[in-house]
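These are the structures, in structure tokens.
Shared chain: subunit A. Partners: subunit B in the first complex, subunit C in the second.
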Partner chain A sequence: MKRFLAALILLLGITYFVLPLIGMAEFSLSMRRGVYSLDAYRKVIADPQFRQTFGYSVVMALLTIVFGVLLVVPTAFWVRLRMPHLRPYVEFITLLPLVIPAIVVVFGYIRLYNTSSWLPLTGSTFGTNLLLMLGYATLSLPYMYRAVDTGLRTIDVATLTEAAQSLGAGWITILARVIMPNVLVAVLSGAFVTFAIVMGEFTMAALLNRPAFGPYLQLMGANKAYEPFALAVIAFIITWACMGLIQLVTRFSKHTKAAR
Partner chain B sequence: MTAPTEARPSAGRRLPLTWLGILPFALFVGLFLFAPTLKIVIGAFQSQDGSFTLDNIFGLFTPSILSSYWISIKISFASALLGCLVGFLMAAAVVLGGLPGWIRSPLLTFSGVASNFAGVPLAFAFLATLGPLGLITVWLRTEFGINLRALGFNILSFWGLTITYLFFQIPLMILIITPALDGLKREWREAASVLGATGVQYWRMVALPILFPSILGTFALLFANAFGAVATAIALTGSSLNIVPIMLFAQIRGDVLGNPNLGYAMAFGMILVTGIANVIYIVLRMRSERWLK
Partner chain C sequence: MSFLTIEHLEKSFGPNKVVKDFNLNVEKGEFVSLLGPSGCGKTTVLRMVAGFEQPSSGRIGIDGQDVVRLRPNQRSIGMVFQAYALFPNLTVAQNVGFGLKVKGTPRNVIDARVAEMLSLIGLADLGSRYPFQLSGGQQQRVALARALAPSPQVLLLDEPLSALDAKIRLSLRNEIRAIQRKLGITTIFVTHDQEEALSMSDRVVVMHQGIADQVGTPFDIYNKPATRFVAGFVGTLNTLEADVLDPKTGHVRLPGGEARLGRPLPAGRITLAARPEMITLGAAGRDTSLAGHITEVDFLGSVIRIRADLGGQSLAFDTFNISHVSPPKVGEKVTLGLNAADLLVIGD
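Presenting the complex of A and B:
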């Protein structure tokens, strides 16, 4: 009885999650009347705007990851090593982007860094791209910091640092050659989440008027019949791939640990 | 846990430079997280010429803005409540339902994906399913002669948006509540049944009171989550449903309210609502961690 009830609940839940995915896939395949075809995907991939926005978002995601890693790894390392009393505060700050809606943050950017301000970032294309990248970094900060901090917890930061120092290593060497390789798995899982977030982000890119993938999706949704669903399937696959890669690197790291 | 490193004896006499290590981080969050938020909060209490005023806050209490807050709160409340309920039932089914163990890991992985699959693509998925030509809509009409539209259901409505939001709300609940369900100790159940408690009594008097702070805390988190969701709503409804994020989006784009500082006040209202919800979450989370370790 109990098992039957549990199976029923689970089945209903799974139905709810699977139906929209089937609906989405079905629509994306039915551009040609009567038969399933990949026409919508062909149309999408042939669209120069798709390539442009997709490429733009990929580059932005990679830049955000590089910036995020360079910012978060040294900070989390330093806080653990020298300023442990600040840890709860830093952790709290990194969670704030989950509290303050992205639309509010970007609203602040637009008013704070407009052409008449002391730092006119929105005045130039490069400046706006930079601002958007920093905005993405803010959005991914909670995930990145959590991942790296958890990674640092599993190693003995103080001993490793002292050992490296007594061998004559400077701070950059310590970070790049001792700490980074040890938290690589954590950094990678943070990076994949960041990638998924940036690829699907809509609000910031739309309000800063940048040609990213998210606003393009919305534009297509308002103007085309079948292409949006092909795009949605692509977006879903990207999210899946990122999460799958996280699982993969985590499992991979467990093996290396067991072998030691 | 790493012990804090001992400060070298000479450190006291040297200029303290330890803080330099977190300077980049402090600059980043200061300039791109705190400053923009403060700008909004201060702007909400300023008139156009920069003097202090409460007019913007009072300006929120006009029927159109009030109704947008009200519908936003209703959608967030409904999707958080249903998300908690369904997520809890699904997690309980997997953890305590006696189902085969291999189901658990795929479900958690899928929850990780689905809770991140928000935004524009999610809106498309639901349009393809419950929209006017969607999979279920068409199926119900051709197979059973049920016309959803005639029954008053419309994907561009309160319930349409709520059902769509559940797609990321339920998985988030599953992800947070599964560890809490794991934390329910077998001994508690045995102790209860030794004392003659039935299954219902165990749940009502032991398990639910222990889980209650986690559930309520997650409810607050889900509420804030739905309240701040912009992209899904815009892609799904365009501007046909006046919820707060859509109104604020239009206001930032083109000053539809005719008063830039009223936009600040709306954004301030959003921070206030999500802020309160998150404070509730944090407080209750600390309470629940006392029991569940």
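Presenting the complex of A and C:
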């Protein structure tokens, strides 16, 4: 009886989550009357604005990942190694993007870095892109920090660092050759989550007026019938592919057993 | 001048002084053990030599150079840790070659040195394995090879055998000593295991509450303990309170008998000590006999450890297990023998 009830709840849960997705996918294939077709997808992919916004967001996502890794890995490493007493504060700071809405952050940016400020980042395309990338890095900070911190927890950071130091390694060598390779799976998890966040982010890109994929999704949704659903399916596939890649990387990591 | 000199070394963590005026001179190629209970400061001394802790005061010199201000990666030291600390992402060969690679040594030189080191530790065939594919003993051998590969001036061993099981520990300690002798590398070994320290070292430093209580050869440490702590910590020791009857001749009254030590003693009440192996059941051939009764008999296989009560003071001693001789029984009255020259006078 208990088992049946559990199966029933599971089935209801799956139905609740999967049914809208099936509906969405089905609708995205129904552009041609009476038959299923990939017309909506073809139209979307043929749209130069899709390629441009998609490409822009991919580049921004990669830059955000690089910046996030360079910021988070040394910070989490240093906090764990030398300043464990600061850990609760750092954790609190990294959680702030979850409680401060993106719109508040971006208005703060615009107020601080507008053309009449001491650092007029919004006055140039490069500056605005930089601001957007920093905004994306802020949004992904909770996930990236937690992923890296969890990765660091699985290795004996202090002893490995001391072992490397005794062999003549400096801080950069330690980070690049000892710490990074051993938290690579965790870093990649954070990186894929960051990628998914950036690809779907709307508020910051729209308010900073940058040609990103999120605002394009919204624009299509407001003006077309089938294409937005095709885009949504594409966005879901990207997210799932990222999650699948996390699983794959974890499984094929050669030395994960040694990290215990 | 000694190769490694530690002068007036002190270390405090907040108000807690964990190393107090520590001095040690180690000759080139010497194997010195820091022996003591947990929290005595031995690992802190080692970490200060390695550069992982900054001394509160004092000087550490290696081959005449003061290294206190040098960062760990600037000191020519090799270190082996209790937890192996092999880099999980690198193969055995890459681990061993890490220090040389960091130094920018040419590839062919690294390969040759790695092969030499792996052969030295008897793992020549395992170069392509990852650390998790090795046993604990093999991992520690690799850690030793990795520490030795860059030819450091000093080798530091921080309880490297503690995480291993008894059998591996025994074979590995012989191996470590053999390799150290072969390479002639100056070594400091930290351990809380007295058997390890006594069997491996040229000299032993017994540490207690941040102070080097005694520095000496294993023979001296065991047979001539300088303080009550060293006497109690190294080996098993019976202590007996005695009244000095004649300070000039060393005539003392012990519980259960009297002894003549034949050397001057301070007047009044003193503490004497005797190792269990110096005491025999029966006084034949011994110059001192003590009367008592048996309180405990522990059968340990090849030996039987017996505890006797001598006028309120307890004395442990060992006899060999002889199959056709029954051990004494609890409550049985016995005479114990020892030579007065084997009695140690214990200071504070």
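Keep this in mind: the second predicted complex is superposed on the first by the 253 of 260 C-alpha atoms of A that agree within 3 Å, B and C clash if a C-alpha of one lies under 4 Å from a C-alpha of the other, contacts with A are read in each partner's own complex, and residues count from 1 in each chain.
FYI, a contact is a pair of C-beta atoms (placed from the backbone, for glycine too) under 8 Å apart; a residue touches a chain by one contact, two chains touch by 3 or more.
Everything numeric in this text was worked out from a predicted model, so none of it was measured.
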{"item": "Superposed model, subunit A: greater residue contact from subunit B or subunit C", "value": "B"}
{"item": "Subunit B versus subunit C as contact partner of A:178, first or second or both or neither", "value": "second"}
{"item": "First, second, both or neither for A:138, with subunit B first and subunit C second", "value": "first"}
{"item": "Partner chain in contact with A:120 - subunit B first, subunit C second, else both or neither", "value": "neither"}
{"item": "Partner chain in contact with A:90 - subunit B first, subunit C second, else both or neither", "value": "first"}
{"item": "Which superposed partner A:55 touches (first subunit B, second subunit C, both, neither)", "value": "neither"}
{"item": "Partner chain in contact with A:99 - subunit B first, subunit C second, else both or neither", "value": "first"}
{"item": "Which superposed partner A:166 touches (first subunit B, second subunit C, both, neither)", "value": "second"}
{"item": "Residues of subunit A at both interfaces, subunit B in one complex, subunit C in the other", "value": "156, 162"}
{"item": "In the complex with subunit A, residue positions of subunit C that touch it", "value": "50-52, 71-73, 77-79, 81, 83, 85-89, 98-99, 102-103, 130-132, 143, 146-147, 150, 156"}
{"item": "In the complex, subunit B residues that touch subunit A", "value": "1-5, 18-19, 21-22, 24-25, 28-29, 32-33, 35-40, 43, 86, 89-90, 92-94, 96-99, 103, 107, 109-110, 112-114, 116-130, 134-136, 166-167, 170, 224, 227-228, 230-231, 234-235, 238, 245, 248-249, 252-253, 263, 267, 270-271, 274-275, 278"}
{"item": "Touching residues on subunit A, where the partner in the complex is subunit C", "value": "155-156, 159-160, 162-170, 173, 177-178, 181-182, 184, 254-255, 257-260"}
{"item": "Complex interface listing, subunit A residues touching subunit B", "value": "2-3, 5-7, 9-10, 13, 16-17, 19-24, 26-28, 71-72, 74-75, 78-86, 90, 93, 96-112, 134-135, 137-138, 141, 153, 156-158, 161-162, 193, 196-197, 200-203, 206-207, 214, 217-218, 221-222, 228-229, 231-232, 235-236, 239-240, 242-244, 246-247"}
